[in-house]
Every structure is written in structure tokens, then in C-alpha cells.
Amino acid sequence: MLRLEALHKRYRTGDQALKGVSLEIPDGQVLALIGPSGAGKSTLIRCINRLVEPTSGSATLGDTNLTSLSQGALRAARRRMGMIFQEYALVERLTVMENVLSGRLGYVGFWQSWFRRFPADDVQEAFRLLDRVGLMPMADKRADELSGGQRQRVGIARALIQHPELLLVDEPTASLDPKTSRQIMRLICELCSERGLAAIINIHDVLLAQMFAERIVGLRLGEVVYDGPPDGLTPEVLTDIYGEEDWEATIEAVEEDEDGDAVESAVVEKTGAA
Amino acid sequence: MLSRAPSLKRPGRRSLRTMSETSVPSYPRSWKKPPLIANRFLRWGLWFGAAIYLSLALGTMEINWGRVAEGLPRGQRFLSAFFPPDFVSRWDSIVDGILESIWMTVIATVAGIALSVPVGLGAARNLAPTPVYLFCRAVIAISRTFPEIILAIFAVKLFGFGPFAGFLALSIATIGFYAKLLAEDIEDMDPGQAEAVKATGAGWFQWINYAVQPQVMPRMIGLSVYRLDINFRESAVVGIVGGGGIGATLLTAFDRYEFDSAAAILIIIIAIVMVLEYSSGYLRRWVQ
Amino acid sequence: MPVLSANQGQIWRRRTSRTQWAIWASWLVGIAIVGYCWKLVSDRTVWFFVTDAGTQAADLASRMVPPKWSYMDVLWRPVWDTINIATLGTVLALAMAFPIAFLAARNTTPNSAVRAFALFVIVSSRSINSLIWALMLVAIIGPGIFAGVLAIGLRSIGFCAKLLYEAIEEIDAKQVEAIEATGASGGQKLIFGVIPQILPTFAGISVFRWDINIRESTVLGLVGAGGIGIQLDASISTLAWTQVSLILLVILATVVVSEWVSAKVRHAII
């Protein structure tokens, strides 16, 4: 269970990115965070694992108050939160395997990581995850040789090998084509349900959010303006989040998509990542 | 699509999956990073070669450890002789040397760059006919090969002691540096713009002025300040062989064991270089 | 774009009259400075020697040919020493520049005082020519190759560390952030996030500096710090011009070969 209470963030430039966000995310829930650019989506998830220090408020994971941790304890807490990034953020000049194993860095010492001597169980787990995301033969390739979708799968494996309780996902599909985007989203959701993981997914694409998430939170100018099920996203709500625009087409597209999607998902089940 | 295609083509995968469905999957428990050089003989050969070279090089270095050990306390004294730096007792000759260095630097940079422009144009593959190209490249290669101090030795030999020799040495060294970079910049320019100007029926000089110059100018201004900086630093050594400037003062200070004056000179050099570096960074930002 | 209205209609000018005047003025100031410097230099020049340079050059050239090829037997060892000075000096410089670069880069430095110190080391090392370093080292540890290696090393620290810390400041911060998010410690962030990104630059810098150092180590002998410069100095002071011309040819060949090698290696790395 992740609980955010009145999180505030003001950047040194004076921008007020978050204005008192409070949320409660039970275990195993996949939550999509939508909102226009600059609404504070990225800031919010970075405040949870403190890649960005919140100005005030608290974030609690289980019974750990994340916002008050010392540096050492923060490292230990970060192991419990896997993060998946926009544009993958793989270390491009390292091999796929090293990228996946880097998810274990919080568990091993400096020299072990220097000589790449990870425990055998970690290595085995890394291979299992690579197989799970369908990249077993790529283990020795360098990360910059992979396609966008493949890179994001490596990013997912890196987050999962941490054995997290929570996934923080920042725009996972922003630089992928529509089809790969869906595959990646589906993979993330499947893995979450397999492992009972909670996830916060920042996403631009309202369609994708509605398709995959069980709960939607709309953020505007650092404030929660919608919190509810995907089918509660009416044109009025979207206008509230994003501003005036013709939203009917977006909502219809989702309905049509669900049919087409069933077929595709069957294909993926046979051949794809599972 | 892209990401799924390889998994379809892989024959081994399906069997792996059926296996994983029936029994406990067996994934490898160890992994080694693939080596940078795939060929094992080449890899070990390189390591071996490097080891042999290092042992030979260190073996033939003939370090006189006795002399070094003896030098260390002396080094300490030497270093303490540097402090505090003495700006006062040789102040007049320091000022004189620094000013001479600055004059030399300024005119050598200006003259060197003025000469570099024709040489650089001639050394650009896409501008010059082959004979001109080869000639200019040869000029660049020769002036680049020999360090400033060798050029200075010959300049002193031919033109006599004094700043004129240093000026010549620095100008020639500037050609090797500046003309080469200018030529490379011209070779890298956008051919589309050059073609467009040529298509208007411009003459050769007009073409250079309108198509080439605007493309290379900003970087070249930055480089000329950078070369000014290099020339000032080098002007400190041409004096060692009689080419004028602060180098002569510095050498005298060393010869007379006036290390505190030497320290003062070095500090002044460092300060001037810092000022030049800072202003060149500023100018480069301003130009771009 | 300034357009003037005149009797004949509109006239286009590239610049407004104000900027045009400013440009003329700066040209004038520039020329005045250069002219003043030139006058001061020429005051200190004995023009008789300069006008005489043509005959001097012809005389010298005639004394320099043909190169004394047999002298080559003596030169093999100094050439080997020169290469060693450059190579070992580069290795030494790289070993010291690596940590200094991390202290000097804005995104990896522990604090601003350490950064200021590292930057000072870099500037001092860069401002002082390797010959002057050699001059000092010969005074401390005596003449020989070792002084040359140290001189090249000390001179190259600044160069290598400067290029390296600029590379560190330009790395992709997101990759480091991703490593940090896994719970990695500071050291682990460096080895997994930063070092892989700068390794190619590091390799490029090493080869580049090695090439420059070959050139610089050819002259260290002039102040007694080993290498082929010792023979050059001796030959010039004994007026053995045929030996000098051979030495110059050997330096030329060494530099050309080293340039070729470094171009090859750089090509292989990138």
C-alpha cells in the first residue's frame, strides 16, 4: 500500500509542480496518471522514490515513511520500487544483461558490481526475466543495438529484477509506435497481475490509459482533478483535465478499439512475450 | 512488430517454452560479459604485447633511483624555494618579458592567421585543384610536425636573437594549426548552400565570400582566440632558445637559481592564460 | 534590415550606419594594436640580420645536405626513448587525469571547493609548457628519461582532464537517474551510469594526447630530459648540420607514423 499525503513540490525556479497531492494505492492496483504536459506527472512519481525531493508532505510505502529516510535507508527503500522510464534510459553502451543486472545494484557491494560478479540466483533470475519479456537471445547484445520496443522490455526486466512492491512507470510508450505501445502496456499490466504489483503509470495517451488501467487519476497544474474508474472519463472530465477540445472521437475510438484489440491480444498470447 | 519478429523466427525458443511448461526451467546461473575483442588470440596477443612493451620500456628507462632519492629532499628545498613567489626583485625584467611576449603573440597570431587563410583555402579538397591542394597540405604537415621550439631554433639561427625570431616561429606554427582546421571546416561545410550560391552565377571570390565564409566564420573566430592563447603559452618557451619574450627571463631565473622569481613568472603566465581562456569562452558564446 | 530613403528611392544596406561605424572603429583599434606591437618588436630587431637571412639560409641549407645517414646507428636508441617518454607520460597523465576529471565535473564533484581545486590543477598543468615542466624536473631529479616522462605526464594531466570532465558533464543524465532509481550507491552510479558513457571519449583522448606527446617529447632533450632532443641539441651546438638534418628527418618520420597509428586506432574505436 502506497499512501501519499499532501505532497508539495516547488522547484528552485519557483514553479509549483505539485500542490498537495494525496492518493492511496492499494497493493496490486494499476493506476494510470494522465494530464497535460507540465501537470506534474513526472514530478509526482519522482517524489515517491525521491529522485526529486518533495518540498513538503509525505509518501509512505507499507509502513516506511519514504520522505524522512536517510540516504542509506533510501537506497534500501528504492530497491522496493522499480522504475520504468520514458525513452528507456538504458545504459546504452552496456550489454542487455548488464542493464538487467543493474536492477540488483541495491543488493550488491561496490566491488561485486565493478567486476560484474552478481550472485548466481540474480543471474538466473535475469535470464528468466529476459525470457519472460522475449529477449533471451539478446542477452549479450549492446543496449543501443535494440529497437525501441525491445529496449523498453529490457527496462521492464531491470525494474522487475529488483523484486519491487511497486512499479513507477514514466511515459513508457512516449517514443514507441502505437502497436508496440500496446504490447508494452499489456506486458506491464500482465506482469503486475502475475506478481500482485501495484503500479503508477504516467501516460499521455488517454486511450491506452483507459484500455489498461483499473483506475485513472487526472492531474492538472499539480492537483488531482479526477480520480475514478476508466469509464468515468466523460468529455466533461477530459475538458476539466486537458482543457476545451472535442473529446467524443477519443472516447468512441476506445470503444471500437476494444474489439480489434481482442483479436490482437490473442495473437500476442500465441506468439509474443508470454 | 519489430520487437516480435525475431522471436517468431527463433527455432530454439518454442522448445524452451514447452520445457518450461512441463518442468522447472533451467536458466544459466552464471554469465560473463562478452569481451571487447572477440578473437581470443588477438585479445591475448594484445595483452601480451602491451606487457612486453611495458617491461622493455621500463627496463630501458635507466632511472637513477639514487639520483631521484637524492633529488627528493632537494625537490622539497626546490619547492620551498618557490615560495613565497618573489614578484619584486626582478619586477622590471618580468614586466619587460611579459610585454614582449604579448607583442609577439599578437602579431604572430594575426600574421599566422592571415597566412593561414590562403593556405587553408588551398588545402580544402572541395575548393582547390590537386597540385595546389598537395602543396598546401605539405606546408601544413611540415609546420605541424616540428614543435615551436625547433622552429624557433632555426628562426634564431637565420634572423638573429630577439622577438622577431620568436614571432616567425609562432607564425609558422599558427599556420600548421589554423590552416588545417580551416581546411577541414571547409571540407565539412554544407554543399547545398555552396551550390546555391554558385548557381546564381557568382565569381570565385564572391562565392567564397557568400557561401564559404558565413559557414566557417563563427568557429574560426573562436579558434583564433584559442590560438592566441596557445601562442602566448608557447611564447614562454621560444625565449629559452633566444626567441625573445618571457621565456628568456624565465630561463635566466632558473639559471641563477632564483626560483622565487621563476615562481612569480609561472604564476603570471597561469593568470594570463586563465584570463585568455575565460575571455575566449565568452567570445565564442557571443559569436555563436 | 536597414533601408534608407534617398532621392533615388530606397537603398538597401547590410547594416545600419551605427553598426557599420562600430565595425569600422573596431577594425581601426585592432589595426592600431597590431601596428603598435609590430613597431615595438621591430625596435628590438637587428634588421641587418633579418635582411641577411637569405644568404644565411642558403648557407645553412648547403651545409645540411646530404644528411649524414651513418649517424642513424646512434639515433635508434634516442628514438626508442622518445617514444617511451611519450607513451609512459601519457599513461601517467591518464591515471591522474581520470580522478581529477570526476572531481572537476559539475555533476560528479563532491563539493564546489574540491571542484575549484581540481580546476586549478587543470589550468596550471595546461598553462605550463612541457619544456618548462622539464626544466624544473631536471633541476629536481636530474637529467634523464624519467624527468621527461614526468614532464609529459604533468603537462598532459590538464589537457586530458579538461576534455574528460567536459565529456562527463555532457553525459545523458537519464541513464544515471535510472541507475540511481534501482537503489545504487554513489560509486555504483559511477561505474554503471557514468563510466560506460565516457569510455569511448576516454580512449579517443588517450590516443589524441599520445600523438601530441610524441611531438613534444622530441624536444625535451633540449633541456636535458631525454629523447632525441639531446642529440639535436648536441649536434646544433657542435654545428654538425648534416646530423641535424638527419634528426629532423627522423622526427618527421616518427611524427608521421604516430599520426597514422593514432588515426588508425581512433578509427577502430569509433
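Lettered A, B and C in written order, each chain numbered from 1.
Keep in mind that, in the parts below, a residue touches a chain if its C-beta (ideal position, glycine included) is under 8 Å from a C-beta of that chain, and two chains touch if they have at least 3 such contacts.
Quick caveat: nothing in here was measured; it's all calculated off a predicted structure.
> Could you see whether A-B or B-C has the larger number of C-beta contact pairs?
Pair with more contacting C-beta pairs, A-B versus B-C: B-C.
> Which one of the chains is farthest from chain C, going by Cα centres?
With centres defined by C-alpha atoms, farthest from chain C sits A.
> Round to the nearest whole Å and give the separation of the Cα centres of chain A and chain B.
Centre-to-centre distance between chain A and chain B: 46 Å.
> Mind checking the centre-to-centre distance between chain B and chain C? Centres are C-alpha means, answer in whole Å.
So the centroids are 4 Å from each other.
> Residues of chain B touching 2+ other chains?
none
> Residues of chain A that contact two or more other chains, please.
98
> Which part of chain A faces chain C closely enough to touch in the complex?
Answer in residue numbers: 49, 51, 75-79, 81-83, 85, 87, 89-94, 98, 102-107, 110, 113-114, 155, 158, 162, 168.
> For a test of understanding, state which residues of chain B touch chain A in their complex under the given definition.
Residues of chain B touching chain A: 1-4, 6-8, 10, 13, 16, 20, 25, 27-34.
> Can you check the complex and tell me which residues of chain A touch chain B?
It comes out as residues 95, 97-98, 101, 116, 118, 120-121, 123-124, 126-128, 131, 134, 136-137, 139-140, 147-150, 153, 177, 179-180, 183, 268, 271-273.
> Per the contact definition, I'd like the list of chain C residues that touch chain A in the complex.
Per the touch definition, chain C meets chain A at residues 172, 174-175, 177-185, 187-188, 191-193, 196-197, 199-200.
> Going by the contact rule at the top, pick out the chain C residues touching chain B in the complex.
Listed in rising order, the residues of chain C that touch chain B are 33-34, 37-38, 40-42, 44-46, 49-50, 53, 56-57, 60, 80-81, 84, 87-88, 123-124, 126-129, 131-132, 135-136, 139-142, 144-146, 149, 215-216, 218-219, 222-223, 232, 236, 248, 251-252, 255-256.
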